[in-house]
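Labels for the chains are A, B and C, by order of writing; each one numbers its residues from 1.
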Amino acid sequence: MNTNSLLEIQDLRVSFPLDEGTVQAVAGVNLAIQPGQVLGIVGESGCGKTVTAQSLLRIIPPPGRIDGGTILFRSSKQSGNGKDENIVDLAKLNPKSEMMRRIRGNEIAMIFQEPMSSFSPVHTVGSQIMEAILLHQDLSKQAARERAIEYMRLVGVPGAQDRMDDYPHQFSGGMRQRAMIAVALSCNPSLLVADEPTTALDVTIQAQILDLMRRLQQQFGMAVLFITHNLGVIAQIADHVAIMYLGQVVEQAPVREILRHPKHPYTMDLLRAVPRLGKTAGQRLVAIEGSIPSPLQRPMGCPFHPRCSKMIPGVCNTHVPQWVALNEIHSVRCVLYEPNAPTPNLEPANVRAASTLA
Amino acid sequence: MSEPRPHLLKVKNLKKYYAARQGMFGDGSGTVKAIDGISFHIEQGETLGLVGESGSGKTTTGRVILRAVEPTEGQVLFRLNGGGITDFTALPKQALRAFRRNVQMIFQDPYSSLNPRMTVRDIIAEPLVVSGLAKGSEIDDRVRQVALRCQLNIEHLRRYPHAFSGGQRQRIGIARALVVNPKFVVCDEPVSALDVSIQAQILNLLMDAQQEFGLTYLFIAHDLSVVEHVSNRVAVMYLGRIVELAPTSKLFYQPLHPYTEALMSAIPDLDPDRMMQPKILEGEIPSPANPPRGCHFHPRCAYAQEICKTTVPEFKEYKPGQFAACHFADQLQLQGALKSN
Amino acid sequence: MASATGVSGRLGWFRRAPQDTDARDAEIKYYTASQFQLIWWKFKRHRLALIGTFILALFLVIAVLAEFLAPYDPFNRNAEYLFGPPQAIHFFEDGTLHAPFVYGITFAMDPVSFQLSVKEDTSVRIPLQLFVHGDAYKLFGIFPTDIHLFGVEKGFVHLMGSDKLGRDLFSRILFATRISLSIGVIGLFIAFFLGLIIGGISGFFGGAIDNVIQRFIEFIRSIPTLPLWMALAASLPKEWPPLQVYFAITLIIGLLGWTHLARRVRGKLLSLREEDYVTAAKIAGSSDWRIIFRHMLPSFLSYIIVDLSISFPYMILGETALSFIGLGLRPPVISWGVLLQDAQNVRAIALYPWLFAPVAFVVLAVLAFSFVGDGLRDAADPYSR
């Protein structure tokens, strides 16, 4: 593990054995997050971004299972004799173990797209924030209540004192998301996993939440793994970006680098495919052809090759591209950048297979 | 905007009120004013974008215009091909059904908008069959023709919707709308349920079809980048009223209404160096069941004055083609999402 | 979550063939499958439901062919064998295999208690035979014949014993199956008809009509079921012939079962009205009738079938309970409940436990319907995501 990474995922594989076949939801993901960094994961449906996040906390829904790879996490909790640092492989832990439970919520917190489902409808919002605080901190009930009000203020719930005793359904979507952030922050995590936290919100509320998260991230100095499908949101909040497609990270780089100098054909096409203010009005967009394959029928070779505009027959449809570091900050998984790329294997079978898939 | 094109559609003071039950026993009665008196027109062959956040009434507007839901008050007038004016809202049942072939709709959710128990062929053919425009083999010919145009594999016509991905389902929905050669189509968030890489395909298809068949669109969306991309003019709704309506270029460079400004400041820009500076709006969108008095936007407006709390601002033309409902529209200097340089 | 469960929702229960061309064919088959094919494929994978279906099919055969399957006429008395215990079927004697047979019966009087005890007489072997001539009957009420599926030529065979008049319990249970199931079916039909009409009116028109109907349904449902049944059944004149009582009881059971169905129909109609595809049909210019029959009815048919199969056990249990306490069907009509009337006292439990055999049939029928209902409920909406 890199000396200063907070989290390093290597060759993570997660599959869901279903009746009609096995879905490789995560097929060899490599990621690294530095302390205090905001890493954005962008991808479309079925790219495995949510499952990747779920495997960090070991909350993959059944029948999903981790088949291989490591998730190294630098666990550092204050103990009796100062700071105690050790590296844990989350992929090897038992999801129900004491250790995992301690990390979950204490060191890694998570917020979701739909905050309603993570609140109990029969308890007040305030009591649920207090519960989270009491779980992690040794405080009296009164002190916990004051701390909870403090957190509610911090996340910008107006009239925090009065709204403590409201139930989740009395909160609007945006306010609920704020309350959930308060719960997540209550344990002062070193990593916050945010799974599409603004997708269900209106634009003006999304802007508020992004603004809030940016502020709190700096204030608390925590690392954030921010999952979204919206490239605009990622540009606004992330330091680093990982682009995922069908269970693999295809490109990772700092946000400016990836938006200005994308290397992977998927990233390039994706950036061209979104309407941009003042640039594309009235013109045709450069669309990515075809549709996202069913995860049950992962294409051979590079998973993107059937839709790729730079597909090389005989290579892309047979050879699985390797994860190549272009420089210290920019890595990509595409045969175009492989130093020892295989030469096209133009046996008729391969070429035909490629053309029918395309 | 070179020369004004003839109006295809005119909406006059359209209202849709719902009776709302309040209180534990449904005793407290109230009205939700989903649409509270909106007026606008759409020119032949143009796309009018309609944006707003949840509760703004934009979806209801689309449905009321097509009389999927009956309006409470107001008129929807059509003038097809420069012919006579039809008062769509006053058409009796039979005439209404006959007129429907001219106006169609594309839905947001590609899953619930297709009957899962019908084959794709039957789904696309339905408007054709019920309008009696085609008979027998003509139906199949026309279905195949329009399916091909929407880039569907015609071998898949006998399949059921469960065989298709979201993007393909949306193509089926578009084919169904286009099969009767309509003049006017309401696109209700047609791409917001789709993946980014699929959105572009559908947007292109919609824009190509517009060119090819001379369609007029009412394009409802919450994504301003998409609206800017497709629309000639844009109307902004807030709590059941249109607060601003202007040509796309004008609106995005120099909005007249503070809400439009706030909305635009919240668009997350793809350029990380153009950090958005959202005009943080105070509070949340109020419930349409209990909207604020005066200008609906005043509790969240940074420029609000005394008059805004009491008097509803008039929706009128401040600059050529630019309409707004704000007491200070001609005094404020507001920021658009785009800067002219 | 997004990827994997999304897929399992869409394709999860569809088994894909392993080979390339097979897979393609299977895919096309799946993609062109109609609603009922999809339901069947999904239903097939529910093992308990399949077992339930099998049992129900068996019951159906019994109901239709009771005369042929039963070895005796249900009213035929065997004066030699009153309250006789079940006779076991044997295959072996002294270690050698024989065709199935039963032993003859001898009676012995306990010299102390004077209790008559029944013993197998191992010296008399009575072989069971297929297609024997026995009591005359008319198959399907038309073809006169006297052939029974099995029986004995000499002596007698009572697989489940006999009752106080020496009538063969097994035969009586088979005949009772017919009556009990028919009460369920007809009762359900009445309930279904009422539920569909009243629920349909309620859901389609809405407003004040809906309100009145719903309050009425609530009123009916607030009356405790069993006392109401009893009151209604008790009000039937004693002098009515059995057939008339039969129809009256069916009507009572059906009349009280519709409220649940009416509510389901209404709820489903209301939710369907909001579906985008119904709006789409309206915008396309479809008539109300077309919308109802083409779009709404097919999607709710499957739910109605589920509800019917789940309501069925209540109908059977209702009849059984009423007849058991003597307010329902009366002899000579034979139903499971009527048969159980004989098993109403402690003496019967202690001395003639075989009189409880009909209970096993009731339990089996109710369980089978519940399993099938469960399986259908899971399969009913093959499009759920």
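By definition in this document, a residue touches a chain if its C-beta (ideal position, glycine included) is under 8 Å from a C-beta of that chain, and two chains touch if they have at least 3 such contacts.
Computed from a prediction, not measured in an experiment: that's the story for all the values here.
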item: Most contacted chain pair (by C-beta pair count); value: A-B
item: Farthest chain relative to chain B (centres taken as mean CA coordinates); value: C
item: Length of the line joining the C-alpha centres of chain B and chain C, rounded to whole Å; value: 54
item: Separation of chain A from chain B, taking each centre as the mean of its C-alpha atoms, in whole Å; value: 33
item: Numbers and ranges of chain A residues touching at least 2 other chains; value: 45
item: Complex interface listing, chain B residues touching chain C; value: 63, 66, 68, 97-98, 100-101, 103-105, 107-109, 111-119, 126-127, 130-131, 156, 158-160, 162-163, 173, 176, 180
item: Partner chain A, residues of chain B touching it in the complex; value: 53-54, 165, 167-168, 195-201, 203-204, 207-208, 222-226, 228-230, 248-249, 252, 262-263, 265-273, 275-276, 278, 280-281, 283-285, 337-338
item: Of chain C, residues touching chain B in the complex; value: 10, 28, 30-35, 38, 275-277, 279-287, 290, 294-295, 298-299, 382-383, 385
item: List of chain A residues in touch with chain B within their complex; value: 44-45, 158, 172, 174-175, 202-208, 210-211, 229-233, 235-236, 255-256, 259, 269-271, 273-278, 280-282, 284-289, 291-292, 307
